[in-house]
Amino acid sequence: MGRLEAALRDLRLADTLAARDTPVSRLDPRAKVLVTAAFLVAVASFNRYALSALAPFALYPLWLAVAGRVPAGWLARKLAIAAPFAAMVAIANPILDTAPMLRLADVTVSAGWVSFASILARVGLTIAAALAVAAGTGMHALAAALAALGVPRIFTGQLLFLWRYAFVLGGEASRMQAARTLRGGRGSPALAVYGPLAGHLLLRAFERGERIHRAMRARGYDGEIRTLRELRWQVRDTVFVLGWCAYFALARFVDLPLALGRAITGAP
Amino acid sequence: MHMADALLSPAVGGTLWVATGATLAWCARRVKARADDRIVPLMGVLGAFVFAAQMINFAIPGTGSSGHLGGGLLLAILLGPHAAFLVLASVLTVQALFFADGGLLALGANLFNLGVFPCFVAYPLVYRLVAGDKPSDGRLAFAAVLAAVLGLQMGALGVVVETVGSGLTSLAFATFAALMLPIHLGIGLVEGAATAALVIFLRRARPDLVDRSLPAPVKSRAVAGLAIAAALVAGVLSWFASPHPDGLEWSIARATGTEEIKPPEGGLHARLAAIQEKLSVLPDYDLPAEGTAKKEGETAWPEVSGGRRFAGLVGGLVTLLVVAAAGWLLGRRRPVA
Amino acid sequence: MSHHRLEADGIRYDYPDGTPALRGATFRAGHGESLALVGANGAGKSTLLLVLAGLVAPSAGVATVGDLPVTPATMEHVRRTVGFVFQDADDQLFMPTVLEDVAFGPLNLGLAPEEAKSRALQALQSVGAEPLASRAPYRLSGGEKRLAAIAGVLAMGPDILLLDEPSAGLDPRARRRLIELLRAFDHTRLIATHDLDLVLDCCARVLVMHEGTIVADGEPRAIFADAALLDRCHLEPPLSFSA
């Protein structure tokens, strides 16, 4: 399946996931935005050699994925695609930073490997959290949350329009590619073919934009984007925000795994 | 070139979020002030176009590999820089949220690298100046390639600065830059070629969509040239900055036998020095060695100190942006109806 | 009832490159009449509709809607009075869900969100599309999209409806539903269409367009029996005539 079809399929899936009724989707999207932001900042604020201390943070994306009924396979696949890029940069660490840091039995682990592992752990945590919260919320609710949090309407409106027409234009692009393949085009087109191919798509995008504009004017559009969606903050949203933020604060400043390890091994 | 959260510190990520957030708000106001309600649906469909077009590869002649359009420069050409920035922000947001292409903490940084440089530097200071009014196909293509290359170089440099500045990587600035910049040179060429192909095609079919009059951003070519030169000088040439003490300091050392003249105790000097200590993020031009086990006593040539380059580039980029902003403000007219 | 009046007087329109699209189109309609606008592609049907809706300014001539001429000054009145159903429903359904889209018009008219929502639900009910309310437009079938688009227009409470190729791309059942809906409306209706059988089912009057003007205006059966006229305008008799 081409990249375009795969991307469209992913968008469709995200839309479907968000439309379901789960404990995650019932939360006010503003609460989810706030907690996820706190999560990302907390994780990123650790120093480069933090590893075990990151472990408690896995609870948040895990809970999101489970409570939001996000398919584990989908999440794993996306992680597998996104991780290599960060890993490529991170691999420099074990190469350049060779000072010894840990001794595990007879093996000496250099600082570089620790920071490498830390980066991989962060990749897992941050990407899983972002994907899980997006899939459990949907573009529609997220745009509403952003607008309610003060983001300019012209931008949140743009997010909705983009979402809406990504499917339409993506479909057109897909069909144009298929038409080209059916006429013998193999692999990626040369620039001389790409120009008119993508160019026609661009032209049609413009013309569609003009027609949409007419349709909007016909129904009284005057420049203001007004929506129906009313967000209602409830007690459970407050509990959600306070609870998770307290947990993040605790896990950030108290090395829980270390405490646990000490308790178990009896080490000082 | 999308950065992941895993390599970013909250300080760097947060700073860039604030910067791009402010830019977004500013752009939103500018676009609304244009009072052209056609822009809203147009932004939507062009955003969808860029999103789709990023999935369509074309063959790069002579290499056997393929590339795709990024879209920043194209959007700036078709919509003007402010609307283009909003559209890019929306595309990057969708990519970060639903495709894990770029982190959320890093979204500000990514938007800065992929949005601010093409829209507010490459487009007004390179493309508009080189292409001029109603350029020929060849001139347009040349302007597009040049703008794309420079814009992407700046973006790539941004990635390096932000990553190294976050302190999670052991990569030295020079090494990372040496990897990123040449790669993005090629990507820039591809971007410029694709952008040119599309603009030329569109212009033939619907000239009214492309040749619209936008306020000229910078009046003087000299100012722009100077700004670009400043950044280049700061970044590239400082690579070769001597590890030996600064010229002035060297002379002082020879003359007095000490590295730096010690200022008299107390008095204005001391107070100023104290203030400078506090204000200067990078005392003595070097990044504090935080947690990196460094090898002792090596000064390779060219200077491998990341800190100097960092400072030089930051200075250069800030200069560039200040100049661009000043030029923009000076050259700005009332929004055209 | 003068607010159902729909008139065109010598409308001329030229494209930006100079090609004439309308060369003096004239007709009068009102009182909840149901008219069809037929003609070959390029005859000017869509353009005429756009001029009547105030979405495109003519180079000459006057369009009248309700009691007022269509001018920039009367645009608000035109928006409230005329409902336009576009050819491509995807151009019209631009909100994330059907309900939000149908509510777009009422919100722009100044209604509070609660009111707009109930208006939207009412409109969806009237076309039998209430189950579609929370669906995303891109997942709908052609017929469902059409119904949603019509609901979106009805929610504004227009007196006059302009429809551009409403039955294009619909499967037989969706088409039948559309025809029943159109027959049930009280509004003055102008339907641009190639579907001559729909015209026979829905419309009491036909305007035939050819090269930018209205060359015939009369009762459908009579018009469609005029072979010479149809031939000149590059049209053919309805399929049901050959039965």
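Letters A, B and C mark the chains in the order given here, with residues in each chain numbered from 1 onward.
Note that in this section a residue touches a chain if its C-beta (ideal position, glycine included) is under 8 Å from a C-beta of that chain, and two chains touch if they have at least 3 such contacts.
These numbers were taken from a predicted model, which means no experiment stands behind them.
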Starting from the defined contact criterion, work out which chains touch chain B and chain C both, please. A
Name whichever of A-B and A-C has more C-beta pairs touching across its two chains. A-B
Could you name the chain whose CA centroid falls nearest to the centroid of all protein CA atoms? A
Using the average of all C-alpha atoms in each chain as its centre, how far is it in Å between chain B and chain C? 50
Separation of chain A from chain C, taking each centre as the mean of its C-alpha atoms, in whole Å: 43
Would you kindly tell me how far, in whole Å, the mean C-alpha position of chain B lies from that of chain A? 24
Sequence positions of chain C contacting 2 or more other chains: 94
Residues of chain A that touch at least two other chains are 139, 161, 163-165, 168, 208, 212, 216-217, 221-222
Of all the residues in chain B, which ones touch at least 2 other chains? 41, 44
As the complex stands, chain A meets chain B at residues 2-4, 7, 10-11, 14, 36-37, 40-41, 43-45, 47-49, 78-79, 81-82, 85-86, 89-90, 92-93, 95-99, 111-112, 115, 118-120, 122-123, 126-127, 130-131, 134-135, 139, 142, 151-152, 154-155, 157-159, 161-166, 168-170, 172-173, 177, 187-191, 193-199, 201-203, 205-206, 208-210, 212-213, 216-217, 221-223, 225
Which bits of chain B are touching chain A when the two form their complex? 2, 4-10, 13-14, 24-25, 28-29, 31-32, 35, 37-38, 40-49, 51-53, 55-59, 61, 66, 69, 86-87, 89-91, 93-94, 96-101, 103-105, 163, 167-172, 175-176, 193-194, 197-198, 200-202, 205-206, 209, 291-293
Touching chain C in the complex, chain A uses residues 15, 19, 139-140, 160-161, 163-165, 167-168, 208, 211-212, 214-222, 224, 226-230
For the complex, give me every residue of chain C touching chain A. 50, 53, 55, 76, 79-80, 82-84, 86, 88, 90-92, 94-97, 99-100, 103-105, 107-109, 113, 116-117, 120, 134, 136-138, 152-153, 156
